[in-house]
Each structure stands twice: as structure tokens, then as C-alpha cells.
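Next up, some structures in C-alpha cells.
Note that chain A is present in both complexes that follow, paired respectively with chain B and with chain C.
So, the complex of A and B:
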């Protein structure tokens, strides 16, 4: 006989084993869809792997793709730590992209432009995240629903800009004017798209980890998330912490948009984010809300996204497989997390 | 002449409200059943999309519209069961599971659609339902042609509201649903199967969400397009709060939202000054957020919403 037993603590290797278990289960489950599409499972995953991690150029592409998801993953991880359910990283990213694009189009010295772009993008993302946080604190509006609805509002706002004042009057396409050449983030490796924002993302993760794990604000964020009553009893101003969390989370999501404008697209268009905000939720959960874990989790999703396109070209399996993989990975990770709460214990057969 | 024009305007406007409200009413009732049993279903957006896809596909392959509706409902019910498996049976976070179900269902919908129909420059479409005028009633001026000369799915939505209220408030099962949503411990002591009731409510809710998806792809657009649902599922969640978890009020909220949406469509068409049309598209979403802010102070959610039930934890 087996019995489920509550666990009091989990060994450290769980942090690595659980995501790997979830990812393994996901790839096995999704191989059914590859077979359904009439392609060889090994071949399809093989193409996916080689196109995303097989050579140095592919690796740089995966790094570039991971960058916005590191930022949105950090944004979600920070928010979820405080149980501020920020599902609005998508809208915050878009706001960050719009703001940085507006700033980047102003002629000024390159380094200043990049700095101001980052500040404007972070501020815009923070401002958007402030809305659901304020609504929750002041009006008790569910933050999940308001942040989700806000994504649509921001998206239409972006569309109004690129189909209105920002519209390319020459071609008539709904895309914004490009930012100044001097504001383009420097490329770190000749012949690749590896830009300065990639480094920023990789630095942001340890910084946010330090903030969460070692600072007073981080402590408050964690306590508010784990036990708001105790936090209040302990003299923590819960509402203020929620607002600070939202500002930090929104700023991080805004930076994801800044990187896409400054380092990849140099302008804003309607499909600037293929759902990086939502992917951030998957990344944060795979990372168990640990900022350091966000980096490998984002790299995994980026590899899947980059690889899926090549796989689609080579085998005819629709590239949407990467979306299915994301959803499955999130659900698989949640199930895997059960192992942190319970253990399966063998109990004697005799009663 | 102007009288006639005015009448057409009103009939068309009323009919538009009814058409916009129909999928929202199904979705809102579906989410309401789920939440009344204590389970928030954020999977709604993806469930609607996947059901819209399976309904459309079943119809386009079989030629039968009702087979499509059935396929959509079964898809919704199945995805409801998946959500219940994670949140009710395993007791996992309802927020994150819901997002997971939405991501998974949306991805699967696009994947399967592309697999079945390939990449086509003109998306395939189906011949949709004919309107079904109800004798006598459809002859009432203005109201008749707008409300009683509609598609059968619209009538189903109209019937679903009193039916949902009856089931929730007047049947033993409805009582069980409300009990497991308010006080699962007490329900358990009274011999109500908490897990089973929650499963049933979430599955029923999923089937209703499936109907909402079917209406979108099989009546409103006659095709499956990307971004078909475009936030309607999230709106439905807000409407449940706005409707205070009551079938009548939720349906009223859906009608009110549809009124705002129909109004913005009309304002868009009238080319009001230089206001970009996106401003009007935003309007229903902003309206919903503001409405929630106004209503939420008095809104009392089912007490056990978001709380998993485990029998041994007493």
C-alpha cells in the first residue's frame, strides 16, 4: 500500500529535478501531436534542438529570444511571490515598447538615448501595473481579471498609435517610425543579433534574486505573499508592499518591451510580442518563482520557440506546437509541484 | 421615411445587442456555475477558442451544424474536466491552472486547425444557421424582428438563463453546488460529495463555455479565425463578478456589456470625428474594469472560491 504524506521540507535538488521532470513529461505528451501530424518524433525534436542550440548562431538566436521572457518571467516571479496576481505582463511589455520607441525616436547621443529608453519603458510598465494593484488595494477588484482586461486596452492603444499618428505614411503599413540609429542597442557579436539587452537580462536575474532574498523589501514581499495576516500583525503595511511589488513587476515587464524595441525590431508593430507576457507565467512557474531559475526556464521556452519554426519548415508539423508545449509545461510543472507538498510513502500491507 | 429609417436603426441595434450578448451569456453562465461551486476557471478564454475550433471543424467536415454544436459542448466539458482534475482533485492553484488550460487549449486549437485546414489565403467558412422567426412574437414591432427572429442558439441562450436560475436555486443539485461553494465542510458533513459536485459544476460550466465558442465560429463569424475570442472569456469572468454570481444578474451584465459594445460598433461606423476606432474597441474593456471597481465593494464571492477541499484536513 502507498500513502500520501505531507512534507515539511523539500531537498534542494528538487528545484532542478521538478522542472526537468515537468519538461520531460511535456515533451513525451506533445510527441503525440508530432506523430498525429505524421512526422517522426525523434526527427522533429532533433530539428528543434539543432535549430535552437545546435550551433553558435542558433544559440545566439535563442539567447535573443529568451531575453524578453527573462524580464517577463522575473516580473511574474516577483508579483506571484507577493501573491499579486499580475497576468498583465503582456500589456506592461507593450507599454514599455511604446514608451521606449517614443523616446528612442528623439535625436540625442546614443548612450543617453538607451538609458532614457530603459527608464521610460520601465516607468510605462510600472504605471500600467499600478492600475490593477490600486484597484485591488482601494476597491477590492480582483487583480487577475483587471490585469487581463488591461492587456486588451493597452493593445488597442498601441494599435491606435501605429494605425494613427505613428503610421508609416510612405508604405501605409501599421508600423511606427524607427528609432534613431544611434539608439539601436549595440550588437555584441558581429553577424548575430546578440544585443546589449541580452546582457542586461542576464544581469537582472541575480539583481532581482538579491532583492528578493536579501533585502527588506524582498522580505516584506515574501511575507505578504505567504501570510498577509502575519505581515500586518508584524507591522508591515501590506497595501504599500503590494503597490511596490506591482511597480517593480511592471517595470521589469516594461524592460522586456524596451529590449525588443532597442535590440530587435527598432520600431513598434502589432505583433511585437508573440505572447511573451503570458510565457512569463510559464517561465516563473518552471523557475519555482526563483529569479535565478528564471534564466534557464526562459532559455528552454526560447529554444522551443526558435526550434519550432525550423521544425515546422523541415517536417510540416505546425509551429503552434511551441504554444502547446508552453501550456503543457505549465500544467506539468504544477503537478510536479505536488511532490513538494506530499511524498508517497510505502506503508505496511498488514492493517 | 425618417420613421422607417429610425425603425431599421433600432431593430438593427437591438439585434446587434442580442447577438453580442449570446456568447457572453453562455460563457458567463458557465463561469458562474464553476465559481458557485468554488472553482475559478481562467481556462475560459482557451476553452472557448478550442471549442470554437472543434465545432467549426466538425461542421465543416460533416456538414451538420448541430453536430458542430455538440462537438463544441463536448470539447468544453472535456476541458472543464481537465481543469477540475487539476484544481479539484489535485487541489492545485486555480489561478495558475486556469492560465495553463488557456495556454494549452489555445495552442492546441491553432495547432489542430493548421493541421486540418493547412495554410490558406482565404480561410474556409461554413454555411451557418438560418434565422428562425417565432410565429406571432416576431410580428411585434421593433422588438419582434430583433429578438424573435434570431438563430436557434440565441433562443437557447435566452432559455439558459431561467433554466440556470432554476437549477441553481430550485434543485437539490443546485443546492449542493451552492453548499460546496460556500461551506464545503458543512456540505461534506451533510453527505454531499464535495469533489463530485465541483467536478460536475466545472464540467457543466465548460460545456456552456463550449456553446459560447460554437456561437462565435458557427454563427457570428462562420469561420475560425485567429484571435476569434479576443478577450471575451476574460470579460465573462468580470461579468460574473459584476452580476454577483447570480444567473439573472450575470445575464443582465452580459446584456449591458453587449449594449456598450454595440454602441461602440455603431459609433465606429458613424465615423465620429477623428477618434480612432481603437478607442471604441477599448471602451467595453474600460467599462468592465470601471464597473468592477464600482461593484466589487458590495460583491460577495462564494466563500470557498479558490479554496481546494481536502477531506482529511479537518
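So, the complex of A and C:
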């Protein structure tokens, strides 16, 4: 018989070992599905690996994929630290994309355009996140529900725009007009899609880590998340901290949209995000809400996504497997987290 | 003497390097109330968890009615007729009393036997004075009622031996009386009871026999607790005499905290009605009262959490205008809350974080919005040393500390900045004699240094020992204030029921 016993302390190496364990378990569990789909497991994972990490081009593609998820992962990690349950990174990303695209379409010098796109996108994301935060602070509306539902509102708002007044008159498709060429983010490596936004994402992670770990705002975010009552008695303005957190979180998610517009698509279309906002939740959980952990977690999911597409082309396994792997990784991580608080003990055989 | 219900022989259990129990022998006979006495960390809970099957002992054996038994889980324990009421209750707050009672009990043909449960609940309630409304959700019960439900649950599951781990730590004095009469009635019916406490007067009043633990070992067995002196038992428990600190004379100065006609709305709990009080520098003012008579509102107003509807609050000569915790703190108020874990500390973060929490925005711990991790750490380390807070270090999770050490940490955090006024609620609730003594000495120190202290409490002996004056609060009003020289427990007790006193 086995029993869970509460741990009094958690060894430090768990922080590294648990995500790896969760990823390992995910690959094992999903191999069953690949086999069911009639493909060789080794072969399928082989294709996944080579298409995502096998050569330098594949690696740059994975990096480009990871970029929006680093931003949304950071957005979710910051929010969840304060226990502001922001499930709305998807909508905030879309808002950021729309705002930055609108700004990028205005003719002006390139660097200025990029800067203003980033500001506009961050502001739009923050404005969207403000809605569930205000509803929670003022009216105690559940933030999970309001931020989640807002995603649909924004998505259909965006559809209405690109099907209607904002439709690209030149192509006639339901997509927005493109941004100015000068506003396209510079490509860092000739012949790849590795753009400036990728660097920005990799820089954002340590910045956010510093903010959480080393600033008074970060301290207040942590305390409010862990014990709002003690925070209030300690002189912390809890509502204000929640609002600040929401603004920061929304801005980060908005930047995810900016990167997609400025560096990848150069315009807005309905499928500009294949759920990067939701993937951000998986990323943040895999990272255990640590901003530095967000980068490797986003890289993992990005590799899975690029890899899964190639695998489905090569072996006929549906690309939906990518979603299954993401979901399984989240569940595996949640189970693995149990082991930080408990240990499994073998006890004497039951009578 | 009848054969023992259960017997523990040579039980040892260690956690890493800590010997929580070492060769402990203990037995309980039917109808007997056994006291298990010891300071915090003496190993009482561990020993009972071994008996209840939560931990496997490293050595020793357990006999149930004379036969060796293997108890590997709470299910085994219940099957052996052992029930336990833990320090922290295990109830489902959204379910009703009856549903909580029936959790895990298979009825006939897989259906839940509600009618039968209801009947048994009433019967047990009548027998021992443990009445409960079966249809109320547990979240609507007071702590005392939740405890009653835990006891009824154990009896319902057929316990012949009931273990209560520090049941009185969470109760008001009036509720303690009710618990004791229920326990006596159960013992009269032949149940065995193990009663854990570190309060000597309770153990002397209730138990037939007691076992004293210190550092995991049995340091004494008392066969007639009622006729053994408290100081003798304290010596067994602590290893040395405990002398209550003496409160010397003092010469109070100017008023440092004044409430003038404070009234609050009936926001949550009892409202305050026209409360006027003042504490002078170098004076300790007690506020005695049965819990729920406005103490909470009073503490909230003084802490700046809640603005009163009428009246004025003055701290160190300045009127409080905005009623925020930050404002009253800046005026020189320190605060030691009653519920350390909820409004005091952040259990999931490092202890150091809790110790700097109220002053994180000041230059001592941050500059221009950037934390000063070295200063924070150094401050926490210095306080840990100065107050002898037992923990592996400032980065330990605060929640891992024992109650006494948490209280010391809170005290250290508030006293480090020389408050002009200190408001404390139930300062030694749940603490053992040694820790309580330490806290009392610190208060008297602060008094000697000119700090004004307000102590809200129910423990009249403690208030009489600490305070220069004692005001009594009843239904949100101050019914009278006595000099502690004129105050007696009887007189205060009477005033606490609403009888007018003389100021």
C-alpha cells in the first residue's frame, strides 16, 4: 500500500527535475496515440525532433514560435503570482495585434513606428486586462469567467473589423491592410524569420523576473497573491496591486500580438493566434510561475507545435496531436507539482 | 482498575534528526480521562498521530484491548475504536452537518441513510449536550460547533477512545465549560479520552491522570492532577520553575492613544457604540470581554482597517483622518493580531518577507522601488537571533514555524521600530508557558520604555497580571474600567455579562 505524506521541505533540484519529468511522462503517454494513429513512435518523434530542433533553420522557426508564448507565458505568470486569474491573454494578444497593426499602417520612420506599435499594443492589451480586474476589485466578479469570456468578445470584434470596415480592399480577403514596409521588424538572420521581437521576448523574461523578485511592486504582488488579508493589514493597497498586476499582465500579452504583427504576419487576420494566449497558461504552469522558467517552457511547446506539423505531414498523424501534447504536459505538470508538497511512502501491507 | 482500552509501549518516532517521541509508554482505561501535557514541540501530536495510524512508529507496539494491533491508517484506527479530533478540523465547509457526519459511511444497499444519521446525531447530542443543527452548512458553524461536530463524528463512527489535540486552544472560556461537561459525560459512559493541552488549570480540572512529555520523553506521570500543584506540573513540563513576571510600578505619561466616542456600523459582527478609551505612555490597558462583543471592530478601527461612523481616534497626539493601516503605522502604532496566520504572516513565503511586510516601502528595506535583499535578510537574521526564534533561517517558509515562534516573529517585527502604542489581541493563545512568559516579559519591557499597550483578551488571569487598568467591553460598549488593584476575576466576570461596573 502507498500513502502520501506531507513534506516539510522541498529539495531545490525538484524545480528542475519536475518539469523534465512531466515532459518525459507526456512523451511516453502520447506515444500511445501516435501508435493508434498507425505511425511508428520512434519515427514520428524523430520527425518532430528534426523539424523543430534538427538544423539551424528549424531552430529559428521554433524560436519564432516560442516568442508569443514567452510573452503570454510571462503575462500569465505575473497575473497568477498575484492570484489574478487572467485567462484572457488570448484576447489581450488580439487587442495588441489590432492596435499595433493600426499604428504600423501609418507612414512614419521605421524605428519610431516599431516603438509606437509596441506601446500601442501593450496599452491595448493592458486596457483589455483592466476590464476583468476592475470587475473583480469593484464588484467581486469572478476573474476567471470574465477574462475568459472577454476572449470571445474580442475575437468576434476583430472578425467584425476585418470582415467589415477594416477589410483589406486590395486583396479582398477578410484580413486587415498590411503595415508599412518600414515598420516590419528587422530580420536578424538572412533567410530566416528570426525577427527583433524574438530578442525582445528573451530580454523580457529576466526583466520580469527582476521585477517580481527584486522590486517593491513584485514583493507586493507576491504577498497579495499569497495572503491578501496580511497584505492589507501590512499597509498594502491590495486593489491597487491587483490593478497594476492586470495592467502589466495585459501589456505583456499585448506585446505577444505586436510581435506577431511586426515580425511574422505584418497584418491582422482571424487566425493570427492559434491559441497562444491559452498556451501561455500551460507555459506559465510548466515554468511554475517563474519568469525565467517561462523561456524553456515556451521553447518546449514551440518545438512540439512546429514538430507536430512536420510529423503530420510526414506520417499522417493528425496535427491535433500538438494540442493533445500540450494538454497532457499541463496535466502531467499538475500531477508532478503534487510531489513538491507530498512524498509517496510505502507502508506495511494492509491486513 | 479495568483492563486498558489501549496501551502504547516503548513508542519511538523520529523525523530526521529530531526525536519526536522516545520510548513512550501510555495507557488509557475505559471511563478514564488521560491528560497529555507538554510544551509546544514536546511530541504530543506526533504520539497521537502514531496511535491514529498517520505515522508508523520506528519502535514500539500498540495494544488494543490487550491484543497487539497494526494501525496503518485512520481507517484501521477507527476500526479499532480510536477516534481523533485534530488541532485543525477536517470538515467539508459547503456540506451540511449531517452530510459531513455521513461522509464515508456506506448505508444500506449503497444509499446514504439520512434518517438514521439524523436520529443518531440527535441521540448523541442529547446524551452529552453536543447539540447541532443537522441541516446547517459547516461554514455557518462557529469554531466551537465545528469541534462539537468532529467529536460527534468520532462517536458516530463507534470510537471507544477519543483523542482531542489541544481542543481548548481554539475555544472561548465559556465554550470550554461546555466541552468539559460533554467529555465528563462521555467518560461516565465508559469511553476513554486522551486530552492534550499545555494549560495546567484545565488539565487539573478535567483529567483523572496525566502523562507529561518533554523533548519526546515522558518526564512525569501524575496520578492525582487535581491535588498536584500547577508549579509542580510546570516543572515537569519545562524542566525548571516558571515564575510569573512581576509588574513593577510605573509612572504613566501622556495619552498615546485616545478613542473619543467611536461608533461603527454593523458591518460584520458586533458594532461599537460610543466607545471612549485612552492609553497613556508606559501603561498597559486590558480590554476584557467575551469574544464577539466588539473586540474585532475595535481592533479594526485602531489598526486603520475600518473607519468608524462617528468619533475620533488620536494616536500620539495626531488625529487619524484616513484610516489606513499605513497611516496609523506611520503615527507609531504596532499591532500583534490574534490570528497570526491570516492577518499577520504570509505562510507560503519566506519568514523574512513577513518580517518586513509592513515596512517594505520604507528606506530600511527598499530604495526607489527596488528591494534591498541584503538589508531584509540582515534584519530578519538579527531578529531571529534577538528573539531566539527557532527556525532554520530567514528563508524558511513562515508556515513551517510553530505558533510560539510565529508570535515571537510578529513581536520582533513590531517592536523593532519602537512603536508608541501597541495593540495586541489574545497575545498568548495557543502558546506554552515558556513562550507566554517570554511574550509577557517583552510587554512589560515595552511598558517600562514608555510604550502604551492595549491588550484585548479573554484570559482574565493574564489580564490581571499584565494590565494597569482593565476596561470591560460588552455588546460593543465599554461597561466600565477598573484599576487592576480593585479588579478581581469575579468582578470582571460579572461585568463581562453586561452588569454595570464603576469607573
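Simple rule for what comes next: the second predicted complex is superposed on the first by the 340 of 351 C-alpha atoms of A that agree within 3 Å, B and C clash if a C-alpha of one lies under 4 Å from a C-alpha of the other, contacts with A are read in each partner's own complex, and residues count from 1 in each chain.
As a convention for this text, contacts are C-beta pairs under 8 Å (C-beta built on N, C-alpha and C of every residue); 3 or more make two chains touch, one makes a residue touch a chain.
Bear in mind that the values here come from a model prediction, so they are computed numbers and not experimental data.
Student: Just checking: does A:65 make contact with chain B only, chain C only, both, or neither of them? Give me first, second, both or neither.
Tutor: In the superposed model, A:65 contacts neither chain B nor chain C.
Student: Does chain B (first) or chain C (second) touch A:226, or do both, or does neither?
Tutor: Touch status of A:226: second partner only.
Student: A:217 contacts which: chain B (first), chain C (second), both, neither?
Tutor: The answer is second: A:217 touches chain C but not chain B.
Student: With both complexes overlaid on chain A, does A:265 touch chain B (first), chain C (second), both or neither?
Tutor: neither
Student: Is A:288 touching anything from chain B or chain C once the two structures are fitted on A? First, second, both or neither.
Tutor: Touch partners of A:288: none, neither chain B nor chain C.
Student: Which chain makes contact with more of the residues of chain A, chain B or else chain C?
Tutor: B
Student: Help me check something: in the complex, which residues belonging to chain A touch chain C?
Tutor: Where chain A meets chain C, its residues are 1, 3, 8-9, 214-220, 222-223, 226-227, 229-236, 347-348, 350-351.
Student: Contact residues on chain C for chain A in the complex?
Tutor: 15, 56, 70, 72-73, 76, 303, 305, 324-326, 329, 335, 337, 342-349, 353-354, 357-358, 360-361, 366, 369-371, 373, 400
Student: If we count contacts the way the header does, which residues on chain B are in touch with chain A in the complex?
Tutor: Residues of chain B touching chain A: 42, 46, 86, 90, 92-93, 95-97, 99-108, 110-111, 114-115, 230-231, 234-235, 237-238, 241, 276, 278-279, 281-282, 285-286, 288-289, 292-294, 296-297.
Student: Spell out the part of chain A that touches chain B in their complex, as residue ranges.
Tutor: Against chain B, the touching part of chain A is residues 33, 36-37, 85, 87, 131, 135, 139-142, 144-146, 148-153, 156-157, 159-160, 163-164, 278, 281-282, 285, 318, 320-328, 330-331, 334-335, 337-338.
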